[in-house]
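Just below sit the structures, each encoded as structure tokens.
Two complexes come next, and they have one chain in common, chain A, joined by chain B in the first and chain C in the second.
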Partner chain A sequence: MGLLTNLKDSVSRVTDRLFASDDPKRIGIYGPPNAGKTTLANRIARDWTGDAIGPESHVPHETRRARRKEGVDIERNGRSVTIDIVDTPGVATKVDYKEFLDHDIEKDDAIRRSREATEGVAEAMHWLREDVDGVIYVLDSTTDPFTQVNTMLIGIIESRDLPVLIFANKIDLDEADIKRVADAFPQHETVPLSALEGNNMDEVYDKIAEYFG
Partner chain B sequence: MPHQCTNCGHIFPDGSKEMLSGCPDCGGNKFQFKQGSVDDATDAPDAPSDSQPAADRSTDSPETTSTAPESPDKTATGESSTPTPDPTSAPDPQTADSPPTTADPNTTGEATDSAVADAGDAELMDSTSSQDGESPAQSTARSDIVSDDELPDAPPSEPQSPTADEPRDPATDPDTPADETASEGLDQLRKELNDQFESIRIVSPGQYELNLMELYDRNEYIISLREDGRYVIEVPDGWGTDEPN
Partner chain C sequence: MPEATPSDSTTESQNGVQIDLISGSRMEGLRSMEKIRLILDGVRDGNIVILEEGLSPDEESKLIEVTMTEISPDEFSGIEIESYPHEDAADQSFLDRLMGRESTKKLTVIGPANQIETLHKDDQLISALVSRK
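Entry: the complex of A and B
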């Protein structure tokens, strides 16, 4: 079963590539809040363009509008792959201003952030529907991946037949459990990494070139 | 208070759900309150010149008034007709008063700078905050009863209420019909409206619940939430129109 699925995916990717246009693929970086999406986006952008995409923060929902970096050339094995990166706000089914209060944010500001974060989720879902050709799904490997948001988003991505890579982020932390992430979505390739520390980025770029090139 | 299509003048009786799917005559999706008695406002088209334009929607571009019937959500006046049981509170009927913008984050990033207020305890699609200076037309539009022929899926004399699951004191509900048939129809109507509209629920100011599938399934997308439960949506170009652009 797994073999057949992998074979089918490989054939599908080759076929897609044969008929793909020369336009760079637009790759959406998705995932729940605080998974490290912006850190990853900045890591990729800095590695290949020298620029960052957006501010990183421990505060959830720091990214409240989708941010895009176009024309990121990734060189792998003598060839260059160009992608557009879209760093999206973290997707959640509930947004509560109280979670910001723990980060020394005043109530009024927390309420505003909460509203903007909600708008950000709407925007992220809109991009997923309209504007991405592939998805990097970032998960915090120190947390349980079996959540409603993850299941729903992966399901939507699958329903659209978008190529998707699961990135098990934060492997530099002791509590990281890569296997748990891989077991949660066995139908997809899981790549461990630490976007913050830059661990395993070679494999990250190999896979990006393979899936989205 | 009946509504009137700003494009062709088609008049919708008070509480009509028909307009939620766009004007059946011209496909228009901008409406304004129509002054006059409810009895006058059946299906007879009327010239828009004698009506009262609502708020800031009196100027419509041709392309934004030509969407097809499958574009229910842009006409946010529909669900604001009777969203709250209190006839003294006045929702602003214009929940889509900003022009559509593009989905590009570079251009929409600054669209959300409105301050948060304390009146956001309504569903996204509702406009339940109290406002000063409500006209009698608006008050009537919210509190009047939906006519039988406008609600084929519901029994007659249904109060139209898309806010079924809101944390609102039931004691303040208006004279809801007590018989089971009415209750069943009301549930049906609520479900229908919730299915149609609900993608974000404002539990309280700063607290939101999101229906991800609903957000994903929507053609348009919500650009910004306003403090009073209003929202701004972006409507795709040529969305639901039959006309070539």
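Entry: the complex of A and C
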């Protein structure tokens, strides 16, 4: 891509944001499979609209299509922030249908699920390049955050100059290690939470309003 | 003399694992999709591809997307990828960042997910176990 095209794109991105500041921001919820993205999306949607976004499951790649909840009004400190939440499929570089067989899923269904999962990951990457204004990156704080997928995705988000918050999820579990998550990406703010139990959601909403409002 | 391609250096894959080390200057002349095609064609043949200077974030994003479209049951389950930045990658000027000239200098190892397993990774070493098809 030429320098002028790059410069034009950069200027366009800035002006788009300046002149569209009153429009709801589309906030993509990204992260690896099983980090708790849909649980978080449902928690936010239920807290502020009363509706859920999609089914939660311990089976990887349960979310195989990006799901959107529009017009979520979050009120903090006397002012209201409106966002559109995009719950995306967990990003991976590999999908093997045999992994689904371990969850008592029949082979035909496992193959169908894996095919849908690959389409979902491709869709999530497309959303990231084209259609989100900010990112909530969800990590399971009981697992090692130093993975190539996490590093690549954070790099992609940074290269697009998108505001990003890192959420260290599942702090209700004994094995949770918030410091390990914070140390993995020290250039970004890390917010600990349990989307399942609703722990520390006040800080979560404060930070969403601060970063995406 | 015609330029060698990774596939020219034929190795009977049954007898071993082919490793393609691709220089930064070789990749420099390619468009994004040509780079991704070069990588995925090699990986789908069961080769380990090592890039001297890696891909840009945008190219990495497209690599994931194209990989997903090519996954097929019992045939190709995706890729394993590991990389770490060269020390000089952090020395980017403000103008470079402003103009979108991201440094992509990071040694990158890519292989078929069903044949490569990362054993260890730190700032200075990637250790991988590679099995035959």
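The criterion applied here is as follows: the second predicted complex is superposed on the first by the 193 of 213 C-alpha atoms of A that agree within 3 Å, B and C clash if a C-alpha of one lies under 4 Å from a C-alpha of the other, contacts with A are read in each partner's own complex, and residues count from 1 in each chain.
Throughout what follows, contacts are C-beta pairs under 8 Å (C-beta built on N, C-alpha and C of every residue); 3 or more make two chains touch, one makes a residue touch a chain.
Only a predicted model underlies this, so the values are computations on that prediction, with no experimental measurement involved.
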- [ ] With the two complexes overlaid on their shared chain, look at chain A and say whether chain B and chain C clash or fit.
- [x] clash
Open item on the list: A:Thr93 in the overlay: touching chain B, chain C, both, or neither? Say first, second, both or neither.
Closed with: both
TODO: Please work out whether A:Glu158 is in contact with chain B alone, chain C alone, both, or neither, and reply first, second, both or neither.
DONE: second
Open item on the list: Touch test for A:Ser114: chain B only (first), chain C only (second), both, or neither?
Closed with: both
TODO: Using the touch definition from the top, say if A:Arg65 reaches chain B (first), chain C (second), both or neither.
DONE: first
TODO: Would you sort A:Asp183 into first (chain B), second (chain C), both or neither based on which partner it touches?
DONE: neither
TODO: Using the touch definition from the top, say if A:Trp127 reaches chain B (first), chain C (second), both or neither.
DONE: first
- [ ] Considering only the touch criterion stated at the top, classify A:Asp102 as touching first (chain B), second (chain C), both, or neither.
- [x] neither
- [ ] Choose the clashing stretch of chain C with respect to chain B from the list 1-9, 91-99 or 109-117.
- [x] 1-9
Open item on the list: Considering only the contact definition stated at the top, list the common interface residues of chain A for chain B and chain C.
Closed with: 91-97, 111, 114-115, 118-119, 121-122, 125-126, 128-129, 152, 156
TODO: Please give the residue numbers of chain B that touch chain A in the complex, ascending.
DONE: 103, 105-106, 108-109, 112, 115-116, 199-200, 205-213, 215-218, 221-225
Task: In the complex, chain A residues that touch chain C - done: 1, 3, 6-7, 9-10, 91-97, 111, 114-115, 118-119, 121-122, 125-126, 128-129, 146, 148, 151-152, 155-156, 158-160
TODO: Could you pull out which chain C residues touch chain A in their complex?
DONE: 56-58, 60-62, 64-65, 67-69, 71, 73, 77-83, 98-102, 113-114, 118, 121
Open item on the list: Considering only the defined contacts, which chain A positions touch chain B in the complex?
Closed with: 65-68, 86, 91-98, 107-108, 110-112, 114-116, 118-119, 121-123, 125-131, 149, 152-153, 156
